[in-house]
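I have placed the structure first, in the form of structure tokens, so that the comments after it can refer back to it.
Labels for the chains are A, B, C, D, E and F, by order of writing; each one numbers its residues from 1.
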Amino acid sequence: MDRPVDRHERGEAVFRQVFGREPRPGSHPEFLRITVDHLFGEIWSRPHLSVEERELVALTAVALARTDWELRGHIGAALHLGMSREKIVEVIIQLAYYGGWPVANNGLRVAQDVFAELDAATGTDADHDR
Amino acid sequence: MDRPVDRHERGEAVFRQVFGREPRPGSHPEFLRITVDHLFGEIWSRPHLSVEERELVALTAVALARTDWELRGHIGAALHLGMSREKIVEVIIQLAYYGGWPVANNGLRVAQDVFAELDAATGTDADHDR
Amino acid sequence: MDRPVDRHERGEAVFRQVFGREPRPGSHPEFLRITVDHLFGEIWSRPHLSVEERELVALTAVALARTDWELRGHIGAALHLGMSREKIVEVIIQLAYYGGWPVANNGLRVAQDVFAELDAATGTDADHDR
Amino acid sequence: MDRPVDRHERGEAVFRQVFGREPRPGSHPEFLRITVDHLFGEIWSRPHLSVEERELVALTAVALARTDWELRGHIGAALHLGMSREKIVEVIIQLAYYGGWPVANNGLRVAQDVFAELDAATGTDADHDR
Amino acid sequence: MDRPVDRHERGEAVFRQVFGREPRPGSHPEFLRITVDHLFGEIWSRPHLSVEERELVALTAVALARTDWELRGHIGAALHLGMSREKIVEVIIQLAYYGGWPVANNGLRVAQDVFAELDAATGTDADHDR
Amino acid sequence: MDRPVDRHERGEAVFRQVFGREPRPGSHPEFLRITVDHLFGEIWSRPHLSVEERELVALTAVALARTDWELRGHIGAALHLGMSREKIVEVIIQLAYYGGWPVANNGLRVAQDVFAELDAATGTDADHDR
């Protein structure tokens, strides 16, 4: 059993591992602390599932929740953790059958947006990269 | 592009791989055929995700849908594909944070039932096996 | 604009038309009155949709909500309004694609139960009737 | 049992019948092919429900899913298939009672947007047309 | 049992009490009338729950429904009824655990937008007011 | 910032305050610990909402989630915290309008069951007590 300061540091480390950046203090600061402490410091760091498997679970759950802003974040996390665009798209295609066409059409629209912004940022020709 | 008969046979093979049994003609026969043809013959057999990864996505989606009967089936499938009880429980614990406590409490209750029935069927002492 | 007594009587009449029986005072009496007054007396009796079309909308919504007890009631209502078993099953099959496989598997299971009970009650051989 | 090429052609024909336009290759091409093949080539073309009834089911499901972009598409499809604006609004009003006020307020806002854009495109005075 | 005109007037009064403004005839006029008559004239005016408690229930339900436009309205209503910003945020934080992180992240984003607009409108320094 | 042992003891105290009993080690022990530590030790014990207000939020969320077993628990908690049967029923009636009729019909059915069991256990005549 560890001290609170331990879990916060561990949470920040897992957060960085997943999202590839520091937690942004932009949104509500207290909820950010809870997210780092509980979700990343105590749940994502538990055994039995790898971080990549946890992202597969999170990506699925967030796509089903149809909250675009959050979905953008987890598509970014999946890419950061090394999931290919094809694999992300494939998860969403499978969700057409487990959550319905609206979930998949919405998810693919968000994914295309994220991919296009990345291509624009890196000057990559989108037709090539996919 | 393959002939309809091909996808049905492939669907049955993938179904057996996932659930460890033949598709049961018990429920509605036409929907069973669609399930084998579309879902298993054309989706689960697509590239980019392994069958184990697809089960992780399906288990997540079905736990979030809170349809107990279906969830029992996918907990069985996960076990058949070699996912440990600890890992199944861990997916559901993570869903407490991505889908809410009611999803997790419901999912763990179903999981405990499935595990207990398996232990009863095999004469295993539950306290041991877990 | 009609008097409260009018809408209650109209609500009871529409309720009988849809479900083929009197509203049962069994459950919470005040909510039953609200259901008869608002839902059947003022909404189901509005123009632009026939009662059969409204049942198609209600059956779809209730199947997606995955509340079995309520779904049983609306499968009964659909049958009472003359919708065939094939048509009810077809709505649920379409919902596999618009709400996901858990919705359809759950809905078909409930439908099979309702059909089997009806066959048992009328002494019909299920294999014949379908 | 038909060859894959048949279902794709039939799917395109049903898609055109429902949406009044060719499938747009804009979004993810592989999911578009699956949508045409499975959803329109094999499900919308099944018996027991007319295309108008299937649109009533789809419109209901998509309004309940609260995915605005998809809902815009199905309000357009409903209009194309001859459903009046009053009837579309009436479906959404009924959903206030079967899916809750947030579903209805969201759906009516999207419907008003679609109607206003159509009026702007055709130079119709909105106050007249409704 | 009151006459229809009574419930409409009562509904308008409760609507003003909750939202601090007249019902806006901007959106669909018939649904606005139903909202005033049924929801505010007959439900919000029932006994056993105070208007503040009803807003707590409504805010919770609308945050879980993830319909941003509606959520903005109920955050405004909660503020108008005297709920502090801290309390509104606290409801959404609790919903992280009862509805999942996507619900809370989405809700807090909407709340921050509403608070920021209010601060901009009143010339308040956001850092002060919170 | 407190030590882990503090939050666990505080969590157990809040749990007892809400449910009127010790946490039952019956279900999954690790998730029970997380529930006591995170949900009750760190969230229910935060400021800005009273325990009674938090139960109103939880009851609403769980009724909307349609997980009967969990709903039974929170109806029991609400009663234990002093919420009257009329008030619990009233929350569910309001949810007919914010989450749809299936949510309310399901919730009222569960509530009637809980009330009837309590009456049977205490030998109270149900017609009297309500």
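FYI, a contact is a pair of C-beta atoms (placed from the backbone, for glycine too) under 8 Å apart; a residue touches a chain by one contact, two chains touch by 3 or more.
Being a predicted model, the structure only gives us computed values, none of them experimental.
Under the contact definition, chain A and chain F share the contacting chains B, C, D, E.
When chain centres are set by their Cα atoms, the one at the greatest distance from chain C is A. Averaging C-alpha coordinates per chain places the centre of chain B 40 Å away from that of chain E.
Averaging Cα coordinates per chain places chain A and chain E 30 Å apart. Across the assembly, chain B contributes 34, 38-39, 61-62, 65-66, 89, 93, 95-103 as residues in contact with two or more other chains. Of all residues in chain D, only 66, 89, 92-93, 96, 100-106, 108-109, 111-112 touch chain E in the complex they form. The residues of chain B lying in touch with chain D in their complex are 1-5, 34, 38, 42.
Residue ranges on chain D touching chain F, taken from their complex, read 95-103. Of all the residues in chain C, the ones that touch chain F in their complex are 27-28, 30-31, 34-35, 39, 61-62, 65-67, 69-70.
On the side of chain C, the complex with chain D involves touching residues 38-39, 43-44, 46-49, 53-54, 56-58, 60-62, 64-65, 84, 86-87, 89-91, 93-95, 97-99.
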